[in-house]
Amino acid sequence: MTALYACSNLLQHYNGRPVLSVDALSIQPGSITGVAGPNGSGKSTLMRILAFLEMPRQGRIVFDGVPVAGREARGGTEPAVLRKQATLLTQEPYLLRRTVADNVAYGLRVRGVARTETRVALALEEVGLVPAEFMSRQWYELSGGEAQRVALAARIVLEPRVLLLDEPTSSLDEESAERIRAAALHMREKHGCTLVIVSHDREWLSSVADSMITMRAGHMLP
Amino acid sequence: MKKLIALLLFMTLVFPVAAMAEKPVLMMATTTSTDNTGLLDVLKPAFESDTGIDLRWTAVGTGKALAMGKNCDVDVLLVHAPASEKKFVEEGYGTDRTQLMYNDFVIVGPVADPAKVKGMSVSDALKTIAGSATPFCSRGDNSGTHKKELSLWKASGMPVPEKDAWYIQTGQGMLPTINMASEKNAYTMTDRGTFIKYAASHNGNPPMVVLVEGDGVLFNQYSAMAVNTKNCPQAKYDLAMKFIDWMAAPGTQKLIGDFKLMGKQLFTPNAGK
Amino acid sequence: MGFIFEGFSTALQLLLDGHPETWSAVAATVCVSSLSICVTVLLGAPLGFLLGYCRFPGRRAMRLCVDTLLSFPTVVIGLMVYGFISRSGPLGGFGLLFTLQGIALGQVLLGMPIVIAMVANAVENADDRLQMTLLTLGASGRQQLHATLWEVRYHLMLASVAAYGRIVSEVGISMMVGGNIKWHTRTITTAIALETGKGEFAMGVALGLVLLLIAFGVNIAVSGLKRRAAR
């Protein structure tokens, strides 16, 4: 089976300061990859690179058999096209200043999907929010846990090939955290979605992940 | 929302175009005095009904009016600065200069007449004012009126007292200048039309009065000129000539003579004289 | 002093008696300022987004330029536009001089720096996570522009109101480009300048009040929208 992501010699600098240096990383389609490590170890940078939100300064990435970063990738696939396949949820998500329904439907609309209501309702149910109650709520009428679940719903509604979760549960109440975990795992079962999860909850992570990565000071530990 | 914006855009783009009559439009640059007195408001409808031409004018200073003619932005000029007009024609920017009417300037001052110039000739009055260093307000804005005032100093054999402390250059319109002269107890030169309005606004008891008038050098000749089609091929020469001929016609000349401001005649027609 | 109070009653009289000259100036003002503000916002908002969002060399210099242009004297804008659209100027063939569209051209130049500067500022100060969120949800460049402008809609509205205020009250451009032609390009502000020059001070004050009434109406409409936007 070919890897979904095959990365080699990734190097990322911010203002000349090296933040990430990964020799080799491969992620199988439909797998769950757990990423652990202390703060500032380069986890979030890696996640943004995997989400195609930033390009590494050096190195090679092959996504689904197509080189997307590195010399042979020049003039190849647009990042905007790649981003439609992988989507990232961060610890503190940003909700658009619109209703919950519009937030969840946004990704579908930019993909040109006309009728979104049913899919939005299903996605909300998936994260444990009653559609009838939440659809028409405004972005500021949500608790932290509800906001995070809306943000997740906005991503799973897209049925992405890759769902990247960067500490999605760390500042949440137990019920919301449980809902988010369950919804993420369900995405893999139902759609074969590839998951990459950063979490401090090592115990849970190692229990669900097919493989684990540990980061320290920008490097992957063997 | 988008529809609303589109509708607004459409309306605002189309409305002015639609509002334009199919009548031919003659564009004129003129001086503020003809517009402010209301003379053009009387002449416009008469001209339109006689010739079917829609006369539009922009009232600006003489300098700007001539510049607009030079830049081909208007078709005809109605101004009152004979020396500049002659130069304008000589330089090839204007043609068919036709004198139409005149009004006159007056020298006004405080009722008390501190320099005692009442009834003098212009030249004597200015010499007396300069000799006693009594304040004098000048427009100082290069307008036709200002140019006239400068020519009076020269005609009196004096340099323009540009730098003297008593010579106040206001840089403003005629009415603000008269007001300023009144506040400063100073003299000034004004066209009669503006002064009639000024006096009327003080209920017949103005703090400034006419002291010098009737001197030949105070007459203010208005002429019309067509913009030269050699310089401006798009200028509507035929319409301009219709206007000039109409202005000089006896009927219009009578209309000009009959025009009254606050019950007083302002312009004396003199076409063909 | 008296003419100020007289102005109030004159203003009422002008509007209620249907004084045709005044209503013509009101129509010209509403017409030209609506056209100007629409074009200003339609062009200025995307440019403001680009200036606030894109990182390119010379961006700081460009922001400085835009901020400086906020102080552009209207008479000079009027002169520049006149130079271009005069029949002897490069755009003379379009016949824009002495038209409301010509005035609008100048007013767009006047309003644009306000909208660009304020939108750029709002986009710059928007949450960093906004752009990342839009991108990861799959927005293209143009969709990013639309969504960002919608996110900063409150600021965009403030910018429009500020620009409208400057546009509707300017006199330099209208006078120079429009020529203050009665029944055609005489706006309220050029009429005020004219009446003041004629010494009709009360009339000037009255027209000023009429202008304020228009601005009041526009602001009421906008504050309604503002409330809806905040909800």
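For reference, chains read A, B and C in written order, and residue numbers begin at 1 within each chain.
Note that contacts are C-beta pairs under 8 Å (C-beta built on N, C-alpha and C of every residue); 3 or more make two chains touch, one makes a residue touch a chain.
The structure presented is a predicted model; accordingly, all values stated were derived computationally and were not measured.
Common neighbours of chain B and chain C under the contact rule above are absent.
A comparison of C-alpha centroids places C closest to the centre of the full protein.
With centres computed as the average of Cα coordinates, no chain lies farther from chain C than A.
Chain C has its Cα centroid 33 Å from the Cα centroid of chain B. For the pair chain A and chain B, the distance between C-alpha centroids works out to 76 Å.
Averaging C-alpha coordinates per chain places the centre of chain A 44 Å away from that of chain C. Counting partner chains per residue, chain B has no residue touching two or more of them. Against chain C, the residues of chain A that register as touching in their complex are 48, 51, 53, 80, 83-84, 86-88, 90, 92-94, 96-98, 106-107, 110-111, 138, 154-155, 158. Across the complex, chain C meets chain A through its residues 127, 129-130, 132-133, 135-141, 143, 147, 150-151, 153, 231. Residues 31-32, 34-35, 38-39, 42, 86-89, 92, 97-101, 104, 179-182, 184, 194, 197-199 of chain C touch chain B in their complex. In the complex of the two chains, the chain B residues touching chain C come out as 5, 8-9, 11-13, 15-16, 19, 27, 32, 35-36, 41, 56-60, 68, 70-73, 173, 175-176, 194, 197-198, 201, 232, 234.
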